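Just passing along the structure, written as C-alpha cells.
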Amino acid sequence: MLDSLPLILSFLMAGVPPTVLATVGGIALTVVLSAVAGLALVSRHRAVRAVSRVYVEFFRGTSEVVQLFWIFFVLPALVGYQIIPLGAGILVLGLNHGAYGAEIVRGAVRAVPRAQHEGAVALSLSPWDRMRRVVLPQAVVEMLPPFTNLFIQLLKSTALLSLVVVDEVVRRGQLLVPNLGVGEKLTIYLVELVIYLVLALLITAGMRLLERRAAARVGRVPATGVAT
Amino acid sequence: MTGGWDWAYAVEILPALWRGLQVTLLATLLGSLLAFGLGLVFAVVQRNRVAVLHRVVWAFVQFWRSTPLLVQAYVIYQVLPDVGITLGSLAAGVLALGLHYACYTSEVYRAGIEAVPPGQWEAAAALSLPRSRVWLAVVLPQAVPRVLPALGNYVISMFKEVPLLLAIGLVEVVTVARQLSAESFRPVEPLTLAGILFLLISYPASVVVRRLERRTGAR
Amino acid sequence: MPAEPMIVFEGVHKRFGDSVVLSDLDLAVDPGEHVTLIGPSGSGKTTILRLLMCLERVDAGTIRVGGRYLSHMHRRGELVPADEKHSRDVRRRIGMVFQQFNLFPNMSVLGNLIEAPTRVLGLSRAEATERAAELLDMVGLAEKIDEHPARLSGGQQQRVAIARALAMRPDVLLLDEITSALDPELVAGVLRLLRRIGDTTDITILCVTHEIGFARDFSDRVLMLDGGRVIEDGPPDQLLREPRQPRTKEFLAAVLEGR
C-alpha cells in the first residue's frame, strides 16, 4: 500500500495550486463583500440596509451546491456565456461566504460598546470618522476569530469545485481512485484530508498573527482558545 | 434555445423536485439526530478525567471539522466497503453528516456545559449524587436549553449541505434537478426551483432560530 | 447679568417609553458659571447632559447654547428639529467627560487627545500634539503620552479623558458623575484637578455628582432635581446646608448616610 504513496502524493499535490487559488480568491472576495454588505447592514438608511439584507438572506438561504450549479449550468443558458470553472467557483465561494461575513461584521460593529460611540459623538467626530477611526478598529478585533472559522469553511467548500470539474485536490483524487488497487483508496483519501488539515492550520496560524496584532493595538491580550 | 422561463415546465417538475426534497429533509433529520447524540458523547468524554481518551476525541474533532465533508463522505461510502461495511447512499450520507456535525455540536455542548456555574457541580457533589445523576439531573438540563439555538443553526447548515451527497449517489433534490435538466436540456427551471425550495425552508427556519436566540439570550 | 446665558432649556420634555424623565424643564446657566446638578437616580440629571451632547433628542421644548439653538434650527424662517450636521456644529463648543471615561482603546493616550482636534478643528498634527502635551502636563500625566489607555489606572484614565475634552477648547464642559467609577483613593486627585480647571479657565461647567463636599466648594449654584423638574435652586452654602424643600433634605440625608 505504501508503494504507491509517492505517486499518490505527487498526483494530488498537483491539485493543491487550484485549491489554494480558489481559497485565496474566495477569501479576497469574501472580505470585500463582508465589509461592504456588513457596513450596509448597520447603515442609517433603510434602503441600504434592505438591499444588503436581501443579499445576505438569499446567499445564506440557498445551498452553496445549488449556487455553484446555477452559475455553472443555468447562467450560461441565460446569458450564453460560460465563466471558466475556477472563476465561477471563486465567485460562488465569495458570494456565499461574504453573506456570512457580513453578519460577522454587523455583529462586531454592534458589539462595540455604545459608550465608545458616545465618546466619539462628544468629540464632534463625523459619522464616517466615528466608524472608521473609533468603531471599526475595535470591531476588527472581535471579527477576526469568527472570520478564521469562516475562511476554514471556505477552504472546505473548495472541495465542491470538484463537482464542476475544477482540477483541484478532490477532483484529482477522484481521477486516481478507479486507477489504483482497492487498498489504495484509503491512502488517497487520507492524503487529501491531511492536505486540507495543513491548509486549515496555515489559515489558523496566519489569522492568529493578525489577531495578536489587532489585540495589541487596542491594548488587549488576545483571547486564547481553539479556533478552527 | 434553452433561455427564458417556462412556467408550464416549472409546474410540471415540481412534484419530482418535492420528492427529492423529502429525501433531503430525511437526511437532514437523521443526520441531526446523529450529530446531537454523538456530539453530546464527544462533549462529555472531553470533560472526562481519562486524559488519553479526552485528547483523542479532541484531536479527532479538530481534524474532522477542518476537512471537507465531501471527502469524508467518499471515505465512508467508498472505503468502508473494503473493510466489509457496505452502506447505501442514504446511510453513508447520514453517517457523514452526523459525524461531521457532531464535531460542531460537541463544541456547542461544551460551551453550554462550561456555562453551568461551578456551584451547581459542587452542590451536586455535596449531595453525594452519583456521577450519572449529576449529568442527567443537574448539568444537562441546564446546559441543553441554552444551546438549542446554536444546534438549530447547525441543522439549517446541514440541510444546505445535503446536496453535496449527490457525489455519493444520494437522489436528493439537486440530483433530481440535474436529472430533469439532462432529460429536457433545460437547466433554468429545475435548478432555480431547487434554490427557491432551499430558501423557502431555510429562511423561515433561521427566523425561528433567531427568535429562539433572542428568548434564551434575554434570560 | 449678561444678556444671553450660555445654556438655556425652555419647556423641555423628555420621556423614555412610558416614563417621563424631564417635564417642562426651564434652566439657564451663565457663561463661566459652575453649576452642579444633584438629585436621586432617575431624576433627569444625566439626561440634561445627554441632551446637551445630542445623545438624546427632546420630545418638546428647546435648548440653546451660546445663543444658538441646539435642538432646533432655522429653516426658511421656521424652527425645525435640528439635523445631524447642525447639532454637530453647535455641539463643537461643548465637551463632555463620562463616568466610564470612554477612552478609545485602539489609540494611544496621544491619539485620543489629537484625534478630534485634527479631524474636527482642523489643527495640524504638530499643533494638536503640542497642545496635547501641555494638557497632559497639566493633568500630571506627561510621561504617559504614548501609553495605551488600558494600561492606566481609572484615575489616570479619567484625567486623560478630561484632557481630551479640554483639547477641543470647549466653552462648556459637561461632567457626568466622573468620580463614580473610581476607587475612593483616586477621587481626590481628579477633584483637585477639576478645581484647578475651574479656577484657571472661564469654561462654563455643568456637573452631575454625588460628591456633596466637592459640589459645595466648586459650584456657584446647585440645582436639586426630582421627578424631571428643578425643585430647588440656590447657592451651595444655602442649598446643601439649609435646604428649603423637604425632598432635598431627605436626599442629602440619604447621600450622607450612604457614605
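Going by the order they are written in, the chains are A, B and C; count residues from 1 in each one.
To be clear about the criterion, contacts are C-beta pairs under 8 Å (C-beta built on N, C-alpha and C of every residue); 3 or more make two chains touch, one makes a residue touch a chain.
The chain list, named the UniProt way, goes like this: A = Ectoine/hydroxyectoine ABC transporter permease subunit EhuC; B = Ectoine/hydroxyectoine ABC transporter permease subunit EhuD.
All values reported here derive from a predicted model rather than from experimental measurement.
Ignoring chain A while keeping the rest fixed, chain connectivity by touch breaks into the groups B | C.
The largest tally of C-beta contacts between two chains is found for A-B. Centroid analysis (C-alpha atoms only) places C farthest from chain B. Computed from the mean C-alpha positions, the centre of chain B lies at a distance of 54 Å from the centre of chain C. Inter-chain spacing, taken between the CA centroids of chain A and chain C, is 46 Å. Separating the centre of chain A from that of chain B, both taken as means of CA atoms, is a distance of 20 Å.
In the complex of the two chains, the chain B residues touching chain A come out as 2-3, 62-63, 65-72, 74-75, 78-79, 82, 159-164, 166-167, 174, 177-178, 181, 186-188, 191-192, 194-196, 198-199, 202-203, 206. If you check the complex, the residues on chain C that touch chain A are 53-55, 84, 88, 91-92, 94-96, 98, 100, 102-106, 115-116, 119-120, 148-151, 164-165, 168.
Chain A makes touch with chain C in their complex at residues 115-116, 118-127, 129, 133-134, 137-138, 217-220. Touching chain B in their complex are the following residues of chain A: 57-58, 60-67, 69-70, 73-74, 77-78, 80, 152, 156-160, 162-163, 170, 173-174, 177, 182-183, 185-186, 189, 192-193, 196-197, 200-201, 226, 228.
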